[in-house]
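Shared chain: chain A. Partners: chain B in the first complex, chain C in the second.
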Partner chain A sequence: MGLLSDPHCRRALSRLVVRLNTPLCVLSYVAGLGWFLAMALPPLAPRTYMSENAMGSTMVEEQFPHGERALAYGRDFAAQKKKAGGIPVAWLEKTMWGLGLEVYKQPFARTLPFPDESRERYMVKGTNIYGILRAPRAASTESLVLSVPCSEGTQNSQAVGLMLALAAYFRGQIYWAKDIIFLVNEHDLLGMEAWLEAYHDVNVTGKMQSSGALGRAGAIQAAVALELSSDVVTSFDVAVEGLNGQLPNLDLVNLFHAFCQKNGLLCTIQGKLQRSDWDTLPAYAHSLQTLLLMVLKQGSGRPQGDHGLFLRYHIEAITVRGINSFRQYKYDMTTVGKTLEGMFRKLNNLLERLHQSYFFYLLPSLSRFVSIGVYMPAFGFLILVLALDLWMQLNKCEAASEPRPGLLALVPPLVVCHAAGLALYLLPVLGQRVATQHFPVSEAEAVVLTVIAIYVAGMALPHSAHRALPGGGSDRGWMTLKLLALLYLAAQLSCAALLNFSLGFLLAATMVPAAAAVRPTGPRPVLAALLVLSTPAVTLLLGIFLHRELEERPAGLAEGWQLFLQALAEGLLQHHLYGALPFPFLALLTYPCWLLLWNVLCWK
Partner chain B sequence: MAAPLVLVVLVAVTVRAALYRSSLAAFIAERVEVASPLNAWKRVVEGLALLDLGVSPYSGAIFHETPLIIYLFHFLIEYAELVFMITDVLTAVALYLAIQDYNKVVFKKQKLLIELDKYAPDVAELIRTPMEMHYIPLKVALFYLLNPYTVMSCVAKSTCAINNTVIAFFILATIKGSAFLSAVFLALATYQSLYPITLFAPALLYLLQRQFIPIKPKSKSFWLYTMQYAALYLCSLVVIICLSFFLLNSWDFIPSVYGFILSVPDLTPNIGLFWYFFAEMFEHFSLFFVCVFQINVFFYTIPLAVKLKEHPVFFMFVQLAIISIFKSYPTVGDVALYMAFLPVWSHLYRFLRNIFILSCVLIVCSLLFPVLWHLWIYAGSANSNFYYAITLTFNIGQVSRARQTRLHFEDCTGSGVLPATVNSAGCVWPIQSSIAASCLSCSS
Partner chain C sequence: MAAALPAVALLLGCCGAPLASGVQDQAEQFFRSGHTNNWAVLVCTSRFWFNYRHVANTLSVYRSVKRLGIPDSHIVLMLADDMACNPRNPKPATVFSHKNMELNVYGDDVEVDYRSYEVTVENFLRVLTGRIPPSTPRSKRLLSDDRSNILIYMTGHGGNGFLKFQDSEEITNVELADAFEQMWQKRRYNELLFIIDTCQGASMYERFYSPNIMALASSQVGEDSLSHQPDLGIGVHLMDRYTFYVLEFLEEIHPASQTNMNDLFQVCPKSLCVSTPGHRTDLFQRDPQNVLITDFFGSVRKVEITTETISLDRDLTVFENEHRHRLEDEWLESISAEGDLEVLVDNRLDRSQQCALAAKRANCILDCIKWSMASWSKEVILPLHFVLVQPHYDIARFL
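Right after this comes the complex of A and B.
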């Protein structure tokens, strides 16, 4: 504070900031983006390392022999599933009993707030089945989970088979110190949510009906969700991003990586195989792509696999997907089983929860990570633009000779903008009945279209807000409003960046330039275009195109639009079903803030 | 002037009543920033339950309220929400009346000085007009009643609101010049939360000033009045403590209230500076550092009394700020009380450098408290360092603000003449350096 408290220094500094405001803002913005791009470079992304002692130094020798048995179980399961037309409850129970597990089933039902068209479900009924392998060496106070989704068609039957074979093998071993829960969950995340709520005897989302879980096995330490749909695999893909962009402890990812390497399995993250060279331009582009994909996925706040809901309960979890693509080397079930066996044996050695390694990180590849201390400056530079602009506004406000407008004059735009946000949050789901009665659309379409309609209609609000503003139409009026909007934006982006860095960074990268530049004077059409481009909905649309581009299957305009509509419906559903935060955050905070900026632009 | 006050009160009561009925109330009551182990409502209920069972409420390690509070709620438990709304309103009205009276005094003094031509020519813009001063009491009431911190504190039914009321009454009594009531309320405030004992000095200075008794160690009347006030204070304190003894028929409350405040055994995170420090420290150092930390609250009274003896009300404000920063279990309710006084010195705002930046710091910190709490406790991904970092930032924001207000108060009114270049950083620097020291020791 010394620098700011000394009047001479302060005056010099403030003169400098005011005179060089635009170049400084541009510089800071470029520095922020530049820092982000540099994060894929080796100096900023050190190699990952195992921090947890219990998992690092001890070696385990994997002996899983039942590869063929796994395939046989898988075929049986597929046949039984086809016969039963859903999850073959009786067969699974019988088989698990036969393996010596304690078996429980948990029926659940959930009515969605509106039909989910991409997955074709509305009133969902299902059953989760899980078997507990009691540890011979401990008193059922801690457990590990291996979960497999029972999805539509023949998918994942090999995963169920492998799980059963692993259970059979694990049952015969004497070294288990933690119970192991083998879980088959129906209706992917819905089943998982039902199971987790019942297991912990809580009701987070409110509307899930299920019979409580009967059997428990102590506090769950870690969970692995397995997805596998072929008899042989060429590589493994790991998904880490959970609900609201929460990430599991980096040690769990390291563990997976270590065992893949030990067994010679190829492993990928975001579907990208890491390159062996680091210092070439293509290698840099490759890791940047991986990093960007992670940022986009984390920013969406959507769980990228069935593990995503475990994280909310303080359980470290990852999803492991077996991939069968056109590569030369194929691995059989025995190798895959050995990898999982190794992971579980090391997790079994844990003495306390995984906490040694990082929880806040970005992965430009599986063997490199960017920690919070390194990625936060990128966001900091973007926020600095807002701070510089705030200072500028403040100076202008002080310098302006006009009388100060009462703060009351700012109340109408604030209230109107937040009312619009509230309408955007509440109306789509509440008004779907009315919409389907009056328009020829289905419920899901009605919800999505209402969201878009309210969103666009909000842009017409400044005109009505101004009419309610007597004498507020001075220069100082808009400056004060802009000051407020900038402060509001900076505060909410910092909160968002702490909870979910990617969301905060993406919003900052798009909204900050427009927010800093906006003013009612000057080239209005340009500013209006800039502001419209920076709105969260356009960010989402661009994010979808970028995502497809990075996955190397670019989407056309029409397809992109369809994906956009789907993403909107998905966002609402995720919020209502699992309590995902991006939709309420955008609707209740970011959108009103953007409307305030729009108000500044339309100031008369 | 009464009409706007009534309007403010009505708005404030409506907001509180609405929040009591909403689902937010339970969430707010759980927040560690709002409810500390000393004043959480849950603990009051626990104490009452024990009392009803015929067990001493202090027999567990949960309850740390004073006996008078527990007997107050013994009769009023049904109307608890009403009690908290009324205490808030009473605080605001007391502050309103006190500041109204204080402004009259200031105005009279200013008029006198203008007539005597004591002011330097360039202080014209600092001289307060009646028009400006007319609204200050209302602003104080508004700042107190509609401050989100006060609202949250009231909705969480934190008994901090009651302590604030007692302190507000004490200020009112002092400014009205009633030595007896002032001593009684000061004793009550001390009895409630111990730290207000440091307000003894500003109150005494104000009363002396009011009686036109010169503050000189050699004058006899000075000592006489001081002894009188001290005797009044001590007598009322003894009476209150004996009353508490007869209510419960045991001295249990002394260790579980004052011992609890002084020795800081409960290290639940809060917005203060104690918890992290003592959670990290080796046990055998803790006694020494408890003393060091507690001295902070009491120590600054002496230099401040020397420096600010001409401005006891401002002294009182600074002392309240110091208490709310350095007390062992601070909550946002304590912060709200001294924040309410800010409008009184609104004429000095133009000299406050960085006041905007500091306000932004405080706002952002208030928002980050729940975010980091979530990351630490629920998500498990962050840890206590994150939360304590924000606590530190919040307190540094508070300290710098208190310090700046003080510096400028001295610059502008130090000797009645503006150009007096007082090197006034002297006695508040230790505060900053102690904070800096704790920063350093925590980061290492």
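Right after this comes the complex of A and C.
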């Protein structure tokens, strides 16, 4: 008879699993982490290749000549920006009109939930300006976007200059089959979100006010966000992670890589160069670093550039940054312009949206990728630990002699934990006025400190509620609660990993050992320390330190703490402004789950 | 053959030269091929801008075939997409077959019969088999008969046993073989040359079973046909290798060329084409050595002027003489009965030129007769022939 269908065999198997539970759990956990670490190696990370047939190879002839003109436009723009103290609307309008584009401007206003350090006021007002280059012989059904953020100070003025020079050049060509939108957005992500919402006529984040009749150019097929702050560049960096860890189609990254190689530009990802040797240990360390950086950035759910907000509308987008570092060989504006021209010409050949290549991947380098089929087993092994532990819990529950507690005994802990989560989610922003009245802190600080206060307070909540009900306070009680908590955790982490693998994996890697090991008996201080270390807040803190370490500018404790507070504020802000999900996920789901485990620990 | 023989015999006879045995071979050569007209069906089955090269392939063959004499009325050109007017084309209204934009195969007199979404498997098979709704315009019909040599050229994306049409359907080699069999049963071709330039093209002719079909393909089963050269200005590949070299070969051919099919089989060896071109001649009755390129790529030239008489089958000569003598008496009556069937003799031309002119007119009238006649039985054709064509021969004879 079959191994699993024979009851005798099944019992033997389950007894084996229960007996060897701890070694199996440890083995599975190590296997999961080991698989993750092995993903940076060549067998698991094959070379990238262009999947879209319509884009083909890089066989176009780029002829962009206006490098100097781009610099001139950039200088003009910088001067005008300084004079206007913000985005020089009139000058941009006039220049774009002079180039032959259809110009539109979109004023927008947004109320922030709390004024953060960079903006320091509740209401943010700005204007987006964009010009549409109509395709000469095609109906305006599809379009491409080249966007440049108008940042404070002198940043990105060369980017605006290059965009205007490209617009002037593109206007003279007749081979465009899609309209091209040249967008200058103010206030970075805020302006971009306002523009996208107005363009698609939706209200995703609410409370965004914008006005004006906007010109449209059809469905946007792809977008490139450009950031350039110097006259010459030594390398080009690409940022792919978008809002909530969403990634653009891998073909767009491949396109960028192919054109950088064609024009001889140095291209980097996560700020790191490619290494040509693949078999050596330093090369492995290098690609592991790049992979970890991507995982950390994706897990945070923050868009790493203006492109991150396009992805939600199913528009593939990347951000391209020109970096000027201390390298000997510098590239001028013409080369940069040619690369962008080549990319846009290839995107022009697209017949459908980019869909042939992967949407879920990790990049240990620009020329190698790890697809979802390869990285999921790492997460699977971690969840297997939970599954094994659940199995053991079930068996212990059946073996225990006491009567089953009613499910009612579990309700108080559940309610209390979720109430704490709800408080964590709602109170900081709602209560900031009260906090600023009573304490000498600014709103942003008030919000963040409230978050931390509620977080810690949740741990100190009285957990004796369960004793009030019959059947509470027993061994079966905490086992059942742990069973529930493990199921809850497994479900959450699986859902998170499907949408944002890095978030799911990071939470799983930190929380799974503690969740599996926790029980009221046994060495309580050790288990308590383990559980505290696995809490999402500590994961965030450690993640920040690791991130700075990988970027090769390690942060000290004080700086790390500041960054931590900033990250909390950013998380809240991004949730309210753009609908970022990590904060509500952690506050409403993961934190209550962790509190349940804390409950289990403090059962007696 | 029955209608052609008397005409040719009379034509040769009317010039009244003595017969020589060396000319016998010439005559045999003359009757080597059994066709009287040529058709071409040129199909490009791919759409989308990156399949530019397939349209360029088809248009290049179209250009060659027109240059060698097949008129637009005898060409059915099917192009699945319009590259010349694609918004991505940096040179609008052109389709280039060679980089550096040397040769614009689109030109200004191209006649596309089936365009864009009309190129479907159903339409293609209807064209071949003639099962076409009565409302179809004449230019969209393949009006071939059992004396037609047809060139069928197909290009696009293919696989083992199929050719993809328009990214949404396929034609299989079985369907194609059956279509050709239908054509054979309906007497719609005399001989057929099938050329296909796709990946695994040889699989498309594996299933043919009708007689008189010769097939060429650009690659064997399991091989890909490769494209020839990209053009950086336009941004796409311009042609496929096999068709590129076939074109180079065809550029050397002129309407009177004697190059035969064996030379075409040698075009594009593996060193140039990377794939191995294949061909199939087992269904073909003649030896490829004796098949001229112009039998398929050019238009038939059935007129040869010689000053020597060639003696044909004795019975046939007697029969012709009888008819001739009989008609001599009735000639004037038949002419007057028809009124306007007068034959003009231009005194400014000399004898050989008159002969040539008469021969040309005879040829034209022969074609007309063939076009308009529903049946070709001897009883019907001969009298009509003698009424319409005979005067020309007699004039030439009397010169």
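Please note the rule applied: the second predicted complex is superposed on the first by the 581 of 604 C-alpha atoms of A that agree within 3 Å, B and C clash if a C-alpha of one lies under 4 Å from a C-alpha of the other, contacts with A are read in each partner's own complex, and residues count from 1 in each chain.
Here, a contact is a pair of C-beta atoms (placed from the backbone, for glycine too) under 8 Å apart; a residue touches a chain by one contact, two chains touch by 3 or more.
Keep in mind it's a predicted model, so treat the numbers as computed, not measured.
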Fit or clash between chain C and chain B when superposed on chain A: fit
First, second, both or neither for A:247, with chain B first and chain C second: first
Touched partner set for A:314, first chain B, second chain C, both or neither: first
Which superposed partner A:537 touches (first chain B, second chain C, both, neither): neither
First (chain B), second (chain C), both or neither touched by A:60: second
Vertex chain A, arms to chain B and chain C (CA centres, degrees, nearest 10): 80
Which superposed partner A:135 touches (first chain B, second chain C, both, neither): second
Chain B versus chain C as contact partner of A:174, first or second or both or neither: second
Minimum C-alpha separation between chain B and chain C after superposing on chain A, in Å: 11
Touching both chain C and chain B, counted on chain A across the two superposed complexes: none
Interface residues, chain A side, partner chain B - complex: 1, 4-5, 7, 10, 246-247, 311-312, 314, 355, 359-360, 390, 394, 487, 490-491, 494-495, 498-499
For the chain A and chain C complex, residues of the former touching the latter: 53-54, 56-57, 59-61, 135-138, 173-177, 345, 348-349, 351
Of all residues in chain B, those that touch chain A in their complex: 353-354, 356-357, 360, 363-364, 367-368, 371-372, 374-375, 378-382, 400, 404
Parts of chain C lying in touch with chain A, wherever the complex brings them together: 48-50, 85-90, 92, 230, 232-233, 235-236
